Every structure is written in structure tokens, then in C-alpha cells.
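Each chain gets a letter, A, B, C and D, in the order it is written, and its residues are counted from 1.
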């Protein structure tokens, strides 16, 4: 049995829900074969989110961690390639903090690559009928903060742990009157299940173009 | 029993499916209460599409006609407000025809408003959990062609008939690797069911802002 | 000497400038050969804008009227094809009015086509180095209101007058920190000069695809 | 006199021009006060672009290097924050090479931050009337390749050199009939001049939010 920890976030920026929490809850309730999945909800707060992640990892001792966040405006499920050591918030987090150009981890390296077979995860989501692609940036808000913190934890304390970050679009209920892209929670959860399945079953990635011209 | 005719289109521009046909088929298979729904598939061909629509109206003698088309790139279900008397094709239709600035109906008026409670239809789709909005243009390709032809038929021959046009986004299977907005067929059909229900139950529209600045 | 009346708008939606007024002022200051150009500034107010337009037409007795408005978010100069008989405002105008689904002109036809060689105007702007295209909708706010009112005036009272509507993007100074498309006032004015030149020199349009799929 | 090396690229993806080369040529022809600016044109080819950059740095021995590339579709001048050690091409480069998930520099760190006062550069461009923002990703094509190679050169061989990467939108002539954002070469050059001026005059950056939520 592979132990999988999934994290979602609290709602932020005035939203009433966060589809990342809805989707990881759905996966935990109906996990992929061979996986025991625990879902943990993180505050959308710099620092506190990372503390909660570390505590969850300590307690659950997972083999794989996939953190999930809402990417409002994106049209598909995106598997993040790289976490960058910078916090730079355009808007305050849920505790009113708004760091600008401060490192996630003082003295940490500039960036970490995800410890997931990113391309294989994308291919698996597509094969499950869920639009998906590689993302070249997780931004500089709490999502990237948690992603970088996770990768730093793996690099410095838990070398056998693997993991990464997935962004999902708004869910339909968030955009009923906004003409903005959405993905139903059902589809997002289906995509995450495929990502987890891929992460569990392979370490080496596949060769598939997934870059961006800029 | 209200007789409802729904039309969808053949795939075009190299697509393997057209979600409009998938969605209207789904609604015909599970119609709203009190409605007998027939689904008819139109060719994506100027002229021939309108001939097929007229034949279907003759045969089915419906109370309401809602024509449905694919709007690749749009993020939500859109109820069209106005049909314009012009064909102007950027790409050839499925028969290789590419009219430029010719009228749909020679001598017809410049435009017709939809004979649907457009705002109520939008509100009903949203209430059913489907992102929806009013569209101010149905374009100038085969969709607008059919929409205009339908409204001209109502205006000149079938004054008791009511109807209009709805655009739906790409379905998920069309955009697995494209990072373009999509709506599942399930959701599109749910939205269409709500639109039909609204069209059946009321003639007067509700007052709800749904315009565009430009 | 051809008499040309150009109109621009007051700033709205909290903007400090309106590039339509900047651009038409620039054209009036340096008109195309053979043209006497007058620029008039309209309030961004339903009703009052149309009153001001009518007064200007009465006074100036122009051969050609081109009304110009700001289309924030569009990337190029767009020549509008069709004006629709509806006011439907998402936000209040500068006098706090927010009509919803009321006609511009009670009893007027559903729509009017522009009395400009739309495609030739687009081609002329491009030939002058200005990105341009045909637009299928002028929206349902004050721009479309003025456009429809102009066309109704032509249709009912001034059959020898010709005219239409052009939308231009935000100017650069409006979007310095917004990552939204813009066009400099210099380029917008250059494009308008080409549109006016084309409108003056020909009545028949050219055949050039300029439609939209939806 | 500060020695500044600017690089632009050859056209690629079927374009006839590359605005990056047009803009850096314009800056070299009219440099900021106190700067001697040399412009060098790089091939849009993995490997060869970096070889040409290294040769130019050897020869010119600059104090500051700003590499510039075309970001088709972006609406403003963007100063890149971080270069990532990966080549992942969706399309072949000008020599037909299409690397997928290979490092720019074998054994190099995952990423480098730009050695420019990124926020000050953005603020300077805006103050010069040019829309500008921070970008969180330079993509994974030849632009990022050159950016990473430059930063690696600085980190390993030329510690006193400073530099980074700026993306500019399509120029107007590239998008006359495409309805895609553009920036004139004049404005792009004006923005680059401001970026260079800022890079020359300060090492410490200003504190100004410039991040992305995702």
C-alpha cells in the first residue's frame, strides 16, 4: 500500500470554496488502487501553510506528496515543473501578509524541480479524459511557497519522499456568471487520481514535449 | 406536451466530434419534464444546413426550436441575442463553400432578435450549475446562418414558433492537450435542459444586465 | 473638400483619458488630404451622447461621420459591421444610468449595417501599418448606442450621409502596469486617418474575408 | 562609460522579422547617456545561440548584458526574474533541433535569478511610458536557454558582470491581420533604454509587488 498525502487549500481572494480542497477530498474518498490517500487542508497563509504541511508529513509519513492549488483563469489541470525560492504577493494572504521578494527558505537554492514524472502525470490525466499540461511557473504566492517548501523538505530531510504540485482551474460553481474557464470537481479529481497513479507507478519520466516558447 | 426541436452540427474544422450534437442528443434522450424533444443533426454547410432545418421544422412541427453550435474558445454556455443577415466565412465550410459578405436571405432585414427569453435562459442555466452568459454575436459562419434562417422562418411563415441559438464550448475530449476552455457534455446538456425548460415556461424575459461594453 | 465629422468620448469606468478623443483630436489636427475634419467630444451617457451627436451633425453638415470609442482589452483597431437596437449596460454610464434591454430608438429596426466600406477601411489601416480587423459586435453600451443612433439618423433623415463606428484599444498610458493590449495614440490616429481616407474615396466595399466563426 | 551588450534574435517560427533585433539595434543607435551599447544578433538555435553570446561577451567585455527575445502574444515588455536549467521545445529551432527535457548546462543548478534590479527596470520602463511587468517564466525554448547560459557564465566565470533577459511583444507589423497584442519597435526600444538605464544606475532593487498568484 503506497501512502499518499494530498493537500488542498482554504478559499482565498473572497471565494467561498477552493476547488483544490474539493478535489483532494474526492480523491481521498475514492483513492486509486493500491494507495492509501490522506487529504489535508492548508491555510492560504505564508509560513503557516508550510508549517501545516510539515506537520502532516511528520504524522502521515507518506511515500508521495502532491500539493494542489487553485489557478483561477487556467483552462486545464497543470503539473508544475519548478518551484522558485521567492515570495512575491500581489494581494495579501488570508492572514493579511504580503511578502515582496523574500525567500521561501533563507539560504535555499534558487529553485527545485518537482520530484514527480511530470510528463507522465500529464499524459495520464489526458488518458483519463482530463485536459492537462505542464506549467513552467507556479507563481510566487502561497502555492509556490508550499511547493518550494515541500521540495526543500525532500532535499534536506526526506530523500526518499517524492512529490510535487498540481494546479487546477476554477470549478464551475465559482464562475457561473464570469465567462472564465472552469473544470468540474469530478474531472479535476479524476485528473488528480491519474496523476497520483502515475507518480506511484514510475520514477523515470517519459519523453514528451511540454515546454513553452516563453 | 411541448414539442421541442433541438439541432446540433456535424464536426468541422478538422474536429472529430461536435459537442453540439453530443449535447442535444443527450437532452433528447433525457428531456425536461413536459417536453418531447427531437434532436436533428445539421451539416456544417451554408445553405444545406438551412434546408435541413426547414425540413425538420416541417416534419416535427415544434413549438420551440433551439439550434446549438460549437463555439471553440468560449468558456461558458452562451445564449445568442441577435442573428445578422450576413455570411462571411474565414474558412471553408464542410462542402468547401466560403461566402464573403453575402446575405443569408436576400432582401431579409439586417437582423432578428432571438425569440427566446434570453436572460431567463441564462439565469436558468446558472441555477442548474452551468456557467452561462448572453452573447452579442453568433459570428458570421454557419451558426449565425442557421440562426438567422430560423428567425426568418419564424418571422415570415411560422409566427407561433419560438426559438433561438445557443453556443457551447469545446468539450473536454477536444482539448486534452490544448489548454483551451472546455465544458463537459454532461454539463452542456444540463445547461441546455435548463434553457429549454425556461423557453417552455415563459415568454416574457426577466430584467437582468447581460450586455457587453464592446 | 470632403467634410468629415469624427467623434470621441469622455473617459469612463474610472479612466483618466479616453484614447478615442485623443485619436480623433490628432486626426483633426492633421487630416487626410482633401478632408476638412472636425472632432467632437461626446459624453459617455445614454441619450445625451446621441443628442450631442445630432447637434454636431446639424451644425457641421458633414459628408462622413465616423464615431470612435475605446474598446479596452481589444488588441487592434476594429471597424464595426453592425449596430443593434438595444441598450444593456453592465455598469452605469457617466450619469449613473444603467438601462437594461431597452431599445436605442423605440420602434427602430433590430439593426443597421455600417454605411462604410468596412473591409476597405480595415485593409487601409493595415496598409498604413496599423493592426486592424472587422468587429461583429459593438457591444450594448454607449458606443453601440451612438452607432445605432447615427445609422438611424442616416436612414431616416440624412440619406446622403455615410458613416460608421470604429473601436480602438486602450492607449499605452492606460495600461502601464496591467499587461493588457494597447495601441499608441499615434498609431490609432494613423489607422483612423486611413479609415477616413478609405471612406472618402469609395462607396463600394472590397471582397475580403473578415468574419468570425462565432 | 558603461559598456552594455544587447542581444536580439533572428526571426523564427516563420516570422519575417524579430522585434528583439529591431529594438536592440534602435537602442544601439541611440543609447542612454553614459552608455556605449553594442547590439549582437543571435541565431535562434540551441547551443549556437549560447556560443555566439559567449563570443560576444569575450570580445566586448561588457559591464552589463541584456538579452532580448520576442514573446508573441504577451501585451507588454517583461523583465524575466528566473532562468531554469531545462530545454524543452514544442517546435524545432531554426536548425531543426528540438530538445526535450535536457539541461541547458549539464550539472548546472536548477535555476538562476537575473542579475538585474528587476523591479526597478520595470518601474523605469513604465516611467518612460512603456507598459511593463515582471515575468515569472522565460519559457523553455531558446530565450530561456540563452538567459540561463548568460547567468551561468556570470556565476562561474564573470562575477562582476551583471545581466538578464527581457521579452518584448510582437511588433505591429507582425500582427496587422491577427488581432494579437503588439508594441511598436519605437516603444519597445524606449522601454529597453529605460531598462538599461536602470541596470546601469543601481544594483539594489526597489521593493514593489510584481508577483503572480500562479
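Annotations
Definition applied: a contact is a pair of C-beta atoms (placed from the backbone, for glycine too) under 8 Å apart; a residue touches a chain by one contact, two chains touch by 3 or more.
None of the values given here were measured: they were computed from a predicted structure.
Following the contact convention of this document, A, C is the list of chains adjacent to both chain B and chain D. Of all residue numbers seen at the chain A-chain D contact, over half occur in both copies; the interface is built from largely matching residues. One inter-chain figure worth recording: chain C and chain D are separated by 38 Å, centre to centre, where each centre is the mean of the chain's CA atoms. Per-chain Cα centroids separate chain B from chain C by 30 Å. Centre to centre, using the average C-alpha position, chain A and chain C are separated by 46 Å. Contact of a single residue of chain D with at least two other chains is seen at positions 74. Contacts between chains close into a ring here, every chain touching precisely two others. If you check each pair of chains against the touch rule, the ones that pass are A-B, A-D, B-C, C-D. By the touch rule above, chain D contacts chain C in their complex via residues 74-76, 126, 129-133, 172-173, 175-184, 187. Residues of chain D that touch chain A in their complex: 13, 69-72, 74, 81-82, 84, 86-91, 98, 100-101, 109-113, 119, 134, 136-141, 143-144, 167, 205, 207-214.
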